[in-house]
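See structure below.
Chain naming follows the written order as A, B, C, D, E and F, and within any one chain the residues start at number 1.
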Amino acid sequence: MKSRFIDTLEVYDGSQLVSLRNYLKYQMLGDSVVSWVGPCDVKTEHMIDGEDLLAGAEIRGEQMLHFIAELFDSSLFAAVGVQRLLASIVKDVLQLTSKEDAVVSLLRRDGDDIYSGDKKLSISIATQSPNSSLIHFAVNVVNRGTPVPTISLQEFGLDAKTFAHEVMRRFCGEIESMREATKKVKSAR
Amino acid sequence: MKSRFIDTLEVYDGSQLVSLRNYLKYQMLGDSVVSWVGPCDVKTEHMIDGEDLLAGAEIRGEQMLHFIAELFDSSLFAAVGVQRLLASIVKDVLQLTSKEDAVVSLLRRDGDDIYSGDKKLSISIATQSPNSSLIHFAVNVVNRGTPVPTISLQEFGLDAKTFAHEVMRRFCGEIESMREATKKVKSAR
Amino acid sequence: MKSRFIDTLEVYDGSQLVSLRNYLKYQMLGDSVVSWVGPCDVKTEHMIDGEDLLAGAEIRGEQMLHFIAELFDSSLFAAVGVQRLLASIVKDVLQLTSKEDAVVSLLRRDGDDIYSGDKKLSISIATQSPNSSLIHFAVNVVNRGTPVPTISLQEFGLDAKTFAHEVMRRFCGEIESMREATKKVKSAR
Amino acid sequence: MKSRFIDTLEVYDGSQLVSLRNYLKYQMLGDSVVSWVGPCDVKTEHMIDGEDLLAGAEIRGEQMLHFIAELFDSSLFAAVGVQRLLASIVKDVLQLTSKEDAVVSLLRRDGDDIYSGDKKLSISIATQSPNSSLIHFAVNVVNRGTPVPTISLQEFGLDAKTFAHEVMRRFCGEIESMREATKKVKSAR
Amino acid sequence: MKSRFIDTLEVYDGSQLVSLRNYLKYQMLGDSVVSWVGPCDVKTEHMIDGEDLLAGAEIRGEQMLHFIAELFDSSLFAAVGVQRLLASIVKDVLQLTSKEDAVVSLLRRDGDDIYSGDKKLSISIATQSPNSSLIHFAVNVVNRGTPVPTISLQEFGLDAKTFAHEVMRRFCGEIESMREATKKVKSAR
Amino acid sequence: MKSRFIDTLEVYDGSQLVSLRNYLKYQMLGDSVVSWVGPCDVKTEHMIDGEDLLAGAEIRGEQMLHFIAELFDSSLFAAVGVQRLLASIVKDVLQLTSKEDAVVSLLRRDGDDIYSGDKKLSISIATQSPNSSLIHFAVNVVNRGTPVPTISLQEFGLDAKTFAHEVMRRFCGEIESMREATKKVKSAR
């Protein structure tokens, strides 16, 4: 599985969640994850979470750390599981690398969301393209421009790029060992 | 999704990881998870993890808390993801309910295993039957009879049954919200 | 499985056969079926039955009882089977609730169509969206505006809404027991 | 799709529901259905319906008309739908060919079962083999030896072999047109 | 499987690689292959091979023999295999029917491409539509208008239409016997 | 994809075609192919080709070059395609490396078989295990002990081990580029 941090200020507006983007833009063939830091402002036309659409939700943030992962040979149900493992990994890295015990001790994962107390740290969606699974996961770098009470990497005292590298390192290890796990177990009756 | 704690002292020997067991033994139809406390002694003939077979591993423990989950409409890759989410939930419940800070602070999930420092808390396997996915996950209740250095619920000061109920409550919520997540997202191009 | 009769006069023009419509419009999550009474006038651009397109068919009716069902975790082949079971249920409900023996005695199902003698009662199509199966099934409430000789609920002496409720009640029972049937049978060699 | 009536008195004991049987015994390659008249006595070791196993059900009859169908490129969910369509076809053929109005007028399909009033006409199971779907469907030819109140082809005044041919003719037409239906519809968004 | 050579001069521009085209244009239902001789000029908007898009490739030829195949009940991975078998068949037919030993002796298949020495004979792509697999395969009839050094049926001394018929005859036989092969083998443990 | 030539004289009796064998015996995880030279004598109980079973075929040879490949994330239909590509590769390697023009010029592939004139060079079967596809392909090293007229590597003047290495090198390249091809193409409508 390939990973890469991109030095760009690109706005995430939802149009980026399309199949083969990591390959066509960054020559990353197969399972992959890219990340970058940039604003988030998802346009309604690119909003794909039915729950958000029903709620008329706004999905915004002035500066977020974005991850876009693409997985092949995967169903949507599997991708939703992988998305939550990514959330779990993000929480683990915060717990291991942040020294801000007050916010760390309140961390919890609820489905694909991460909170510290009542403040939301992240947004995420998993979907299926005709030939792959796609995941967007983003973490606030600062709290400006968010439509709900949030917490950000700033309060955790963490640098976004360093954090991104550690999350991607663990995520790639997770996916690779998951693939292997499907190839070394006998089936049951 | 149905869950149930069973009052039995049944030995887990690997023969229990077969499709429809939760239905045929406990009338639990569909996605389900059962748990109980009993010895663990997996016979080679029921060992299905190729890695264990290659290593000639022993899978034993005098008293473990067992979980057997069965999921339908799921691939093996998805089941491996679910298995790791279950490990993540077990770790979360330990962190939230145990007061033994020394062992809690050393907790980490590595794939489908949970450790506190170098001591292993759990064993697990996920496999596919012809019409379902099956997961066995077990946590040491005591450290006796284990072939490697282990840690157990005892050091965490936790009662196995209470712990089992909380893990299953969260696990069922996880699976149910995962199923829902696949039914409310638009597909991507 | 959720069902709902909608009090609307909406024209069915084919654009309604899209994934997640029952959820995004009526908050019905998961397997679902909605019905309503309204005109039918399928535009060529929304016509998806290749046979109709080859024949240059017109799909019209001044007043029809429409059903739109969405099923998850289903293939197109399965959906075509479900569509025909829906036709079979419609025929059963006509036979059980109509007192008009002359038209009832001539009822027959031919694939996904229902006829009384040579007169056509219904139209239907089943298709696949990227993450679900979709079925449109419609029954003439009156015979006006149809491009071929038709029969309608009027000749059967039946009220469309009452009829719709009974069809949906049986259809939901059918799907639910089908789902269960896949979760309680042992596989074969 | 191939069909064949076999002149044999073979007892159906459940061991016949295995993949490739129609091919290996009768050279019928691909989707196929065979039928014959013989006793039914399903041994517990070959019983695969979990509901029957839980209930300790007996599956017997002195003389039944058996159908064994095998379908390729089909899921278990699709096969359960096909099984119910087969039940629907059996009911249709009874209604069209029997002159015994008293028993015909009480006919109803309930899932994969057919009843006339409270008397059971048929038994059935659908399952999945590693590379195909398998369906057993059987109709009482006489009422002797059945563990529950039954009705049989005798009360319908019908000859088993003639009846079998008409059922298989319609069933093959159904499957063939279902396969075609999946190859001439445009997908939805 | 149906096949047909079409007498047309249609330009292949990439827009032809859509599901159901062989059915909607030529009434060929199910697995099918059509061929014709015409120019090739794939517009960027219809280019689907990511490698071509990354390389800014031109896909052109003044006169090529085109094949468009559509297969149902097939994955993209299977379609890529079928595509390479088609390339293999094209090579076999060249070897068997051409008398031009110099170019024949240099023939080789490399993935889905065919070369004679360093000269390229063919272009090809396999993709997946929502309900089928699609393959475009084209062989130069003459060398004019191609962006790279090419070889054509002219050097092999072969008539395009005769060649097309033989290729399609073998290809249909291949697919039909592949389908059969999946229906007469027992599964493994 | 991993490959390995094994120095053993093991008899191939059909029992070797089981999932995970390359992993459990040779630590080769994931897609893999092994080969060795040894007798062939497939016992009826391990014969899985229905055609052979119907014909009462004997599958024997005193010395054959065996290949066993296992592929994950593959359907049986895809595996049958891969099996024929392997046959095609075997034929290509014979054509490129043998100097025996008389037998080379008569080479042809017919489905999964290779012949030189009327003499059979190879045997093969592809099947599906619960979590993988399995292929056995074997080429006569000598003609002794075969139940039909055969040709062998001896007539081609080729050393079995050298030949095996070249076949596996090309086969691994084929599978790897096939996997890649599924991850760089846009889907069609």
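Keep this in mind: a contact is a pair of C-beta atoms (placed from the backbone, for glycine too) under 8 Å apart; a residue touches a chain by one contact, two chains touch by 3 or more.
Remember, predicted model here, so these are calculated numbers, not experimental data.
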Chains touching both chain E and chain F: A, D
Partner chains that chain A and chain E have in common: C, F
Shared interface numbering between chain F and chain B [over half = same, under half = different]: different
Intercentroid distance (Cα basis), chain D paired with chain C, Å: 26
Inter-centroid spacing, chain E versus chain C (mean Cα positions, whole Å): 40
Where chain A and chain F are represented by their mean Cα positions, the distance between them in whole Å: 43
Centre-of-Cα separation between chain F and chain C, whole angstrom: 50
Per-residue overlap in chain E, given as positions that touch at least 2 other chains: 19-20, 23, 50, 73, 76, 128-131, 179, 182, 184-187
Pairwise chain contacts under the document criterion: A-B, A-C, A-E, A-F, B-C, B-D, B-F, C-D, C-E, D-E, D-F, E-F
Contacting residues of chain E [partner chain C, same complex]: 20, 23-24, 27, 130-131
Residues of chain B touching chain F in the complex: 50, 53-54, 76, 128, 130
Chain B-touching residues of chain C, taken from the complex the two chains share: 19-20, 23, 29-30, 72-73, 129-132, 179-180, 182-187
Residue ranges of chain F in contact with chain E within the complex: 17-19, 48-51, 73-78, 80-82, 84-85, 88, 92, 108-109, 111-112, 125-130, 134, 174, 177-179, 181-182, 184-189
